[in-house]
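Heads up, the next two complexes both have chain A, just with different partners, chain B and then chain C.
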Partner chain A sequence: MFSTMLLLALLNGLVWGCIWALLALGLSLIYGTLGVLNLAHGAFYMLGALLGWALMPLVGFGGALLVAPLIVGLLSLWSGRLLLPKPQKNTVMALLATFALMLILQQTTAIFLQVTTGELRHFVAPPLRWPIALGDRFYDGYRLLVAGIASVVLAGLWALLYGTRWGRWLRAVRENCELALSLGIPVPWVRAGAFGLGAALAALAGVLVGPIVREVQPAMGIEVLLVSVLISVVGGLGSLRGALVVAFLYSVTENLLTVLTDPTLARAGALGAIGLILIFRPQGLGGPR
Partner chain B sequence: MVSRRDFLRASIGAAVTLWVSGDSGRAQLQSIRIGHQLDRTGAVALFGKWHNRAIDAAIKWVNEQRGINGRPIELVNSDDAQTKPDVGKDEFEKLVTQKRADFVIGSVFSGTNIATAPLAKALKTVYFPQGIATAISEKFGNRHVFKSYHTVRAAIEAAHEWVFANLGRRFTIVHSVIDFGRSQAEDWTEKIRAAGGEVQTISVPFPAPGDLLPTLQKIDLSKTEVLYHAFTAVETARFLQAARDQNLQARVKILGLIEGIDILSTADPSLEGTYFISGYPRRADQAPDELRDFDREYRRRVGINPDGFSVENPREVVPIADLFGSWQAVFLLKQAAELVNWRSKADNPALIQALEGLTMPASVNFPQGAQFVRAQDHLVFHDHYIERVEQGQLKVLARIPREKSLYKTSADYTKEEF
Partner chain C sequence: MRWGVGLLGVLGLALIPWLWGFFVLPLTNVFLWGLFALSLNVLYGYTGLLSLGQGVYFAFGAYGAAWAVIHGGASFGVALMAGPILALLVALAVGWVSVRLSGYGFVVVTLVTALVCYLLALGADSLTGGDDGMSFRVPAISFLGLELQVQALSVRYYLALIALTMGFGLTSLIIASPLGLAFKLVRENERRAAFLGYDVFKIKLASFVIAGAMAGLAGAVWVLSKEFVRAGLFQPFGAFVSAQPDPDPLIAVLLGGVGTLLGPLVGTGILLGLREIFINLWPQGYALAMGVVISLIVRYAPGGVLGSFRR
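Right, the complex of A and B next:
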């Protein structure tokens, strides 16, 4: 019984690790390129989840996986171009701009849902039922599919950043924005692109998580935002490798702790545990020495 | 020739006649005002809306029956109690002092009920709270507070013998930490231990975490016959869906109060085979034969179809049993007020004494069936039902007479001053 519980917790920790990685990498990508902590990240995740709910009956799960992040990506590309075209001298203003964006997205979605459907909360049906027997328990096979999809996307992200010209531009802008500009790199578009890509990753996480948490509603992004910010900070803001490692550390710790205690304490414990890293490495795990 | 004496006699007589008839004429026109502490927003807004409709329909029906003592009834709504205790309390005060409500039917939110009860006593206004936390008829009630529908403890008292005999006495209780969940866990634990059963409890924060799988993994199936859940509607749905991923519906008996799902459709496969304790069947064809006529009339007047959905919007589930509390409060008032010929709030002591121990026969006024008010704790006792979801629909397995829900109370409001 206990060993089965541990095994399930470990498995679930790895699956959620993939989801947190998508979220935290998106956030870290935006921070690294634009120098802004994107507080609208949770709202992009929420939009992804709700679009997933709306699109699945129309275009299927696979279709929703492609279309929802595309819509959110384009929307945020446009809003990023509008809000944050140039490096900001005043980072507080940039932070406030993303905060405003979060409120606008959340409230507009709430009003839209209320008017069109009369309800704020909606249920997402799992796209497949695939119970996998483990001891006297079952693990939801859909979650393995989620882990698989997320891993492929993460690998694709690495290939994009390290194998394409756009990736090189993006890394150049991260290293030295002014130098990149003087070399003729279209900096405003690279910045907007990073914003869009980060948001699309969050939206993808939303589509994938919908069938796990079942209930999707406009406020669902807030809790997720807090955890993703902490993961990116501990990972070293802007460091993609750091965010990846911490996402898994956090998730596995949380799930293992849930075996012993209640979910709130487990989450607090896991956040505390990864927070300890900051005592030894204040710049974060992957931050510059 | 009219003498001075005759003239005086006649004019005094005329004046007295005018005064008396004028006064009684005014009294006949003056309506009795029933206030509703209505939550238009917040967690119980959906319930608030339906309770308001039930009260409105009940008042129309009373007025068709010549009102109360011939005086018409008028509904006065509060602005918005917002599902918040302090706001609800203020709204109650406004209802009584500004909108001149003679009686108030309360919020569905127990926290608001508990905050309002002392004020009902201070303002000497009879109050019918609609939350079902046990405490409102125990330590937080008073002589001016009447519960016109069951509490958690009454429901558990009614059901426990049937549950132990038919489902088992080895329980795992998974409950939300809110009062509604916690009080169910405590009351069941006491009953199970007294019956020599085993119980494990798993508490879940409110709101419940997105992923319920880790919580469900903690259930020790080797020690569980009955899996009891105590959440509010949306969380119940998520809990049962997560349980279905673990195939628990097929491995243990799943039980809860109908209040956990009373705005949810039972068509979802995760509800199939689960058991519920209810105060009344959701579906008309499950109602006891002798109540069928009353059932039809009640549904017609409130706007509920035979399957328990809204007539206007056939996708919206109506918390049919829950609404009896509000509907029947109006008729409790009518019955007691007519008994004591209630004219104004000055007659409230007599009204309260009439309500204490009142028995009500089954009728359109009391469509839930015959009931009585226990004098000590002002709680109404009615029948209960065990229902099970079969092929997507709630089916009654057993009807439990109201005497079975008579638990021992520690309250005695009859000793309080008015």
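Right, the complex of A and C next:
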């Protein structure tokens, strides 16, 4: 009985770990290349979830998985160009600009939903019913599918960064932007690509999460944003490996705590535990030195 | 000279309830939320530490006062003191950890502190009243042999005015003092401050704790005039998701002028005016307008209305 609950918690921890990894890696990618912490990340996630809800009846789950991140990626490029000041000019102002972007995206979505559907909350039907028997309980097989898809995307991201020319450029820009520019690397394009890719990863996480949390609504991105910024800061801002490790560390801690207490306190406890790492390593786990 | 002008201003404001009753309620709000914005201005405007979770200390101030009345049966004055003291202690504990972090680390910890406190407040709903909140009865104020009821609008007005005057006076004193100069030095160049022998950690912690206590005072005054408190006060970005949005201190500071003494008050006034307009005409538009306001300030007027925040 207890061991089954522990197993379920561990499974949930791994599945959500993949989701947090998608979100935190997107944040770290954007921070590493543009030097700004993107507070609009939660809004991109929310847009992904809502687009998933809207597109699934039209193009199916697979279609939504491809189209929603594409739309959000393009939207992020356009809105980022419009709103964000020149990178690394003034970090606080850039941060506030992404905060403004978050408010604008979230509230525009809310107004749009209210006008078109008259309703802010919507429910996503699970695209796949596949209960897996585990002892005396059932596990939602869709979650395993989510973990599979997310792992493939994460592996693809690594292949993109370490196996292609664009990935080499991106890593060069992260190391030394001016040197990269003088070597003829198209820095503005690399930056735009990193921003769009990060936003698309957040949107993908949103599409995947929709059927798990069932209810999608414009304010759903705020809490997710806070958790994922903490993960990427504890992972060492800009460090992809750190973000990946801390995403799983956080998620497994949180889900194991749900065995003992209710989900609200479990989340508070896991956030506190992960945050305390910063006392001992203020620069984060994957940070320099 | 400047103190004389300030004293004259306070005396003028003290006469308002007798002259124009119409202004009492809007001005009470400006004083209260202005004090809250003033606290963030000490931290962000003068010390350069951006906090996105200043609402936590407002909320602890509110709960400190509410708990003192509900559980301690405290008198009005004691409750009013309990709020800022609780906020100060929490700020001391959080600041001890968070001000060591530089740049975005600090910003993120302020945000996550708000989320953790909010989740804990939701979890401990027997203590905090949870999302529904709880109301309570505030004891009458006994002052010079008079029994003043806090339900009276003019009493609330004077309460807010006194609190704001205290906060404003404190800020002015600090900013003019060597400590204030140290705040600005840390804002302009942290490394140079350390090089000159200043203890940057202590300076930042002082700023954080002072700001926390001021926000707590605003929260205590707020809760003692509302007689109601709810866990949603802790919610990060809560001001943007509620139907009756409170003026956000960060936007007030940015709008009025970062690092100017009167800026936060001017910004709060503008925000309250905007809120009045939007609530009557287009309630959903308020948060959207806030986003547009921030992006316009960032793009075109980093100094705000009064600002000359030179970097």
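By definition in this document, the second predicted complex is superposed on the first by the 283 of 289 C-alpha atoms of A that agree within 3 Å, B and C clash if a C-alpha of one lies under 4 Å from a C-alpha of the other, contacts with A are read in each partner's own complex, and residues count from 1 in each chain.
Following the convention adopted for this analysis, contacts are C-beta pairs under 8 Å (C-beta built on N, C-alpha and C of every residue); 3 or more make two chains touch, one makes a residue touch a chain.
Owing to the predicted nature of the structure, the values given are computational and were not obtained by experimental measurement.
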| item | value |
| --- | --- |
| Side-by-side fit of chain B and chain C on chain A, or clash | fit |
| Between chain B and chain C, more extensive residue contact with chain A | C |
| Vertex chain A angle, Cα centres of chain C and chain B, expressed to the nearest 10 degrees | 60 |
| Touched partner set for A:V229, first chain B, second chain C, both or neither | second |
| Which of chain B and chain C A:M93 touches, first, second, both or neither | second |
| Partner chain in contact with A:D262 - chain B first, chain C second, else both or neither | both |
| First (chain B), second (chain C), both or neither touched by A:L278 | second |
| First (chain B), second (chain C), both or neither touched by A:R168 | neither |
| Which superposed partner A:F123 touches (first chain B, second chain C, both, neither) | first |
| First, second, both or neither for A:T108, with chain B first and chain C second | second |
| Where chain B and chain C come nearest after superposition, their Cα distance in Å | 6 |
| Overlap of chain C and chain B interfaces on chain A (superposed complexes) | 223, 262, 264, 267 |
| Residue ranges of chain A touching chain B (in the complex, touch as defined) | 1, 5, 8-9, 12, 16, 121, 123, 129, 131, 136-138, 140, 209, 212-215, 220, 223, 255, 258-259, 262-264, 266-267 |
| Partner chain C, residues of chain A touching it in the complex | 31, 37, 83, 85, 90-93, 95-97, 99-104, 106-108, 110-111, 114, 219, 222-223, 226-227, 229-230, 233, 237, 262, 264-265, 267-268, 271-272, 275, 278-279, 282-284 |
| Interfacial residue positions of chain B with respect to chain A in the complex | 202-205, 209-211, 213-215, 217-218, 220-222, 234, 237-238, 241-242, 245-247 |
| Residues of chain C that touch chain A when the two form their complex | 50, 52, 97, 100-105, 107-109, 111-112, 114-116, 119-120, 122-123, 236-237, 240-241, 254, 284-285, 287-288, 290-295, 297-299, 302, 311 |
